[in-house]
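To start, the structure under review is shown below, and the notes come after it.
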Amino acid sequence: MSVEFCGLALRHPVINGSGTFDAIAARRAFGEDLAASFPFSAYVSKTITLQPRDGNPPPRLWEASGGLINSIGLPNKGLEVYLREDLPQLADLLGLAADGAAPGAVPLITNVMGASAEQIAELLGACDARPEIAAIELNVSCPNVKTGLDIGADPRQLAEVLRAVRGRTSKPLIVKLTPNTADVGACALAAQEAGADAVSLINTLRATALSPDGRSRPRRPWLGGGTGGLSGPAIRAVALAQVEAVAARVAIPVVGMGGVQNARHAQDLIDVGATLVAVGTETFRDPGVGARIAHELQEIMVGR
Amino acid sequence: MSEAPFARRALTVTGMDELGAYRLLRVADPDGPEPQAGQFAMLAAAERWGGGEEERPYLPRAFSIARRSDGESQFLLEDVGPGSRRLCELQAGDRLWTLGPLGRGFVAPSAGRRAVLVGGGVGIAPLAILQDALAAAGAEAAETTVLLGFRDAARAEGAALLAGARVATDDGSAGHHGLVTDLLEAEIRRDPDVVVYACGPAGMLEGVRALCERADTPAQLALEAHMACGFGACFGCVVPRRGGGYLRVCVDGPVIDAGALERVDEHAGAPA
Amino acid sequence: MSVEFCGLALRHPVINGSGTFDAIAARRAFGEDLAASFPFSAYVSKTITLQPRDGNPPPRLWEASGGLINSIGLPNKGLEVYLREDLPQLADLLGLAADGAAPGAVPLITNVMGASAEQIAELLGACDARPEIAAIELNVSCPNVKTGLDIGADPRQLAEVLRAVRGRTSKPLIVKLTPNTADVGACALAAQEAGADAVSLINTLRATALSPDGRSRPRRPWLGGGTGGLSGPAIRAVALAQVEAVAARVAIPVVGMGGVQNARHAQDLIDVGATLVAVGTETFRDPGVGARIAHELQEIMVGR
Amino acid sequence: MSEAPFARRALTVTGMDELGAYRLLRVADPDGPEPQAGQFAMLAAAERWGGGEEERPYLPRAFSIARRSDGESQFLLEDVGPGSRRLCELQAGDRLWTLGPLGRGFVAPSAGRRAVLVGGGVGIAPLAILQDALAAAGAEAAETTVLLGFRDAARAEGAALLAGARVATDDGSAGHHGLVTDLLEAEIRRDPDVVVYACGPAGMLEGVRALCERADTPAQLALEAHMACGFGACFGCVVPRRGGGYLRVCVDGPVIDAGALERVDEHAGAPA
């Protein structure tokens, strides 16, 4: 079941979706149980930005048909504090040696986002310097400050940004594509040509909900951030189509995610070409689900 | 703070009691960790969770651990939506997905200070286990004041969960006609050397917070928030922190020192 | 509850989604019950193309989490047969007079699609000549023969096509936008500027599913058409966000749809700016749902 | 062809009987139209439809009307997935959403021709009501041949739904050891002047079709297909038509003249 991914030897193909598992908080909640049986074969951090962000005002969650809308707004402590405070804690939890060597450890993938090529370059450069970080995932679902559209929504713009920043790190670079685009395959191809070592998808679909008190007029958006992103079972069939479209276009490895709840869903993504599968929202329902999926996946593989 | 096993567990329902307008769900958990008063668990029925209108409930729901004895955990439920409704339907023998105990509970009063427990509606739940813990720690029943507010007499029957409670109702159908904060105000005026432990709807908690701030009385507020995970993963359950930024109710709380809050957010309270 | 829409006086704001109600087949199934209590205030035809199309090979349906994936492939008899055979039957069923005058009748909106501006121009011209047709809906979710992307996915290309064809009809022209785009608001604005009288959205989200027999390898796509489109509750929150984004950008009326199952869902769309609401997949579960929603909507309106 | 009221109706379940591996669902529908043999209805449980794995079932499911008497409709069910499983759980008093009768049924044999009914598995359902209709139209029981194939003896108990059936099983545990088409072949050889009425899995129907084509015997095949609507709205339920294009099983069928088909599509049959 071990998988090679961008030069990393992973124990199994199941990792977490960025922003859906806070290993440091989880250690507070679950104690050493967590380190003893860490469910993911690599750990992806929440998106880190240059400056600290508070995130959106509450409410941040809405339960939709077959899924969850979140309007979290990428709260994080900012690059500097992440590197100074979180990295040592993560290294300890994941079993990483000081030089990043990790026999038997869980490699750390740091997810970053910037609103411009300059910001992204700075983020990549800073991560490159840290041995604890095994790979970098670049979230390009961030709205471009100029156009308001996701930086990753247009293949040409995406390639341009990536070419400008690629040289800043020699670590594996995973580009997390935006699903809110006309042609995700073209975006993936552009990422590959501009030097991405892997692509990951799908991020959440733009979605919204109105406040449930239906009598008052005008009704307000429920979420503090106005709109949010849909995840969970509702997006699974869309994710499968996008992962299939991307895997058919690129030669680099693909990390598939979106609504995975069990090993069959993970298998679907692998069958259309994903190398790794990430679990997000289902982890909220059961933090142990990643390990269970990895285990069941092995049984399916052996059974075939 | 007690740590939770790292995966949800299927526990068996041992009973469901009526308590006025509320239900008391009893669950066998002989091997589970002993919770701290104020901690909570994420609950989901193992069967038929979902499938209602809009396919909800989908995520598990947070419930305070209301009492713990002889390997049994108790939860006080109010039917306010699809999730709590489904849980209220559970019967002995049914299975319940449970993740917990989670979060930071109440901190014992510093020496020389009496505890005043202030609850509103279904928010009385964590005060019951707190009362048990105070008693176990040697507090005389007479030392602990329990003030509970409810909308009406049917809900006020929930007061039976705690010993020696004084009750207020919005409609005057039981106890003091008015707000539980009226009782608290009088209590603090009588004896300011107390620690207030409060849980209830946002408006009530904000009343308690403001009152205690004015009286310079320490207060620990057990907050609520819509939660997706309960263990710090989703950042969905935040309340504004005094001085800026947000706190996650599930890992920084649910019990939060009143001094850490500017005001209690409208989304941070229990049903009234 | 009566609504004015592009000069048409409609009895209520609930219509059907194109391709989700075949009034002629329904009359065979339900007889005069249907004409007596036609549930929609206007009737939208299935998409008509210049040439007849058989549609995709079966299977064409897959039940997904909270929704339906269809891979129907736009089967239709082609423009000529539609005008010759279907129009008279529809006019009779909907109560339209020979000159299209329709006191108390249900106006007919014909949905058309072409793979090029030339094809679309021909479709619009032919419909323009027929008095039974009250308005034309142009489906731009059709893959462009050159790029493979939906014709409507790029605002510039969409405006170009619309300008080239707009002159071919003086009937109200509704542009049915594609949801598989980075910026549906920009597409709607482009449609308005190029002369659309209204826009409608959302069409189905690109989605797929694999054959359920998990043991065989490699697993095939389940749908005869390879991929399909997701509709129903799963897409409701995405639809609400897209309709909101579009209504905020354009001054022309908006027809909102996607996962509507009851009056509250319809009200959500109206509250974010839709003039009409269309019901699609839920009609499959209950053909009478349109009338029920219209009725309940009226109660909500009165209650406010 | 009988027309359906234009909206689904909530009917009440009157009973659920076991019939070997199958269930016979009985529903009160005193005001519903009298169905034609071969018509079907779209069924969905009014409670708990959905909420299972993948939130399925979501759409209603098509079921042949197996029998109709005294205002009661009967359906023969086999548990093959989430929808049929939920329907199999129904009990007297439960409510059932029903749309129908839908589709085109069987056409009576032209004068001088005997009916041969050929069923496979749960596909025997529409043959029961057909047998009733033939009898009501004056056909002697002796004139109608009934040949039914099943996988095993447990399923073969379903044959009790029809009178005077000859049975074949795949595993030889009841009746003829082999395919029902073996029986049909012998029957046609004995008397070619018949009309064949068949319903069953795709492979069986294709066998019947090919056999009847060779023998130049008219055959009416009751097909199946995954359906979303049942009334021609979705174009989802198609089978390839002889000469190109597709037929919608729900409005052009489910009973389709064998001559209109080139072959029976792999997706167009009942569970075996």
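Letters A, B, C and D mark the chains in the order given here, with residues in each chain numbered from 1 onward.
Going forward, contacts are C-beta pairs under 8 Å (C-beta built on N, C-alpha and C of every residue); 3 or more make two chains touch, one makes a residue touch a chain.
Just so we're clear, the structure is a prediction, and the values are computed from it rather than from any experiment.
Enquirer: Which chains does subunit B share as contact partners with subunit D?
Expert: A, C
Enquirer: State the pair with the higher C-beta contact count; candidates are C-D and B-C.
Expert: C-D
Enquirer: Hey, how far is the Cα centre of subunit A from the one of subunit B, in Å?
Expert: The mean C-alpha positions of subunit A and subunit B differ by 34 Å.
Enquirer: Based only on mean CA positions, could you tell me how far subunit A sits from subunit D in angstrom?
Expert: Chain centroid spacing, subunit A to subunit D, equals 49 Å.
Enquirer: Going by the contact rule already set, what residues in subunit B reach two or more other chains?
Expert: Correct list: 54-55.
Enquirer: Which subunit C residues touch at least two other chains?
Expert: 64-67, 233
Enquirer: Quick one: do these chains touch in a line, a ring, a star, all-to-all (complete), or other?
Expert: Topology of the interface graph: complete, with all chain pairs in contact.
Enquirer: Per the contact definition, I'd like the list of subunit B residues that touch subunit A in the complex.
Expert: So the residues of subunit B in touch with subunit A come to 1, 3-8, 44, 54-60, 97, 99, 102-103, 225-240, 244-246, 248, 251, 265, 267-268.
Enquirer: Using the touch definition up top, name the residues of subunit A that touch subunit C in the complex.
Expert: Residues 62, 64-67, 69, 149-150, 153-154, 178, 180-183, 205-210, 214-215, 217-219, 227, 230, 233-238, 240-242, 244, 259, 264, 267-268, 271-272, 300, 303-304 of subunit A touch subunit C in their complex.
Enquirer: Please give the residue numbers of subunit C that touch subunit D in the complex, ascending.
Expert: 19-22, 24-26, 28-31, 33-34, 37, 46, 54-55, 57-61, 63-68, 70, 72, 75, 232, 281, 283-288, 291
Enquirer: Under the stated contact criterion, what part of subunit D meets subunit B in this complex?
Expert: 48-52, 55
Enquirer: Taking the complex as given, what residues does subunit B use to touch subunit C?
Expert: 54-55
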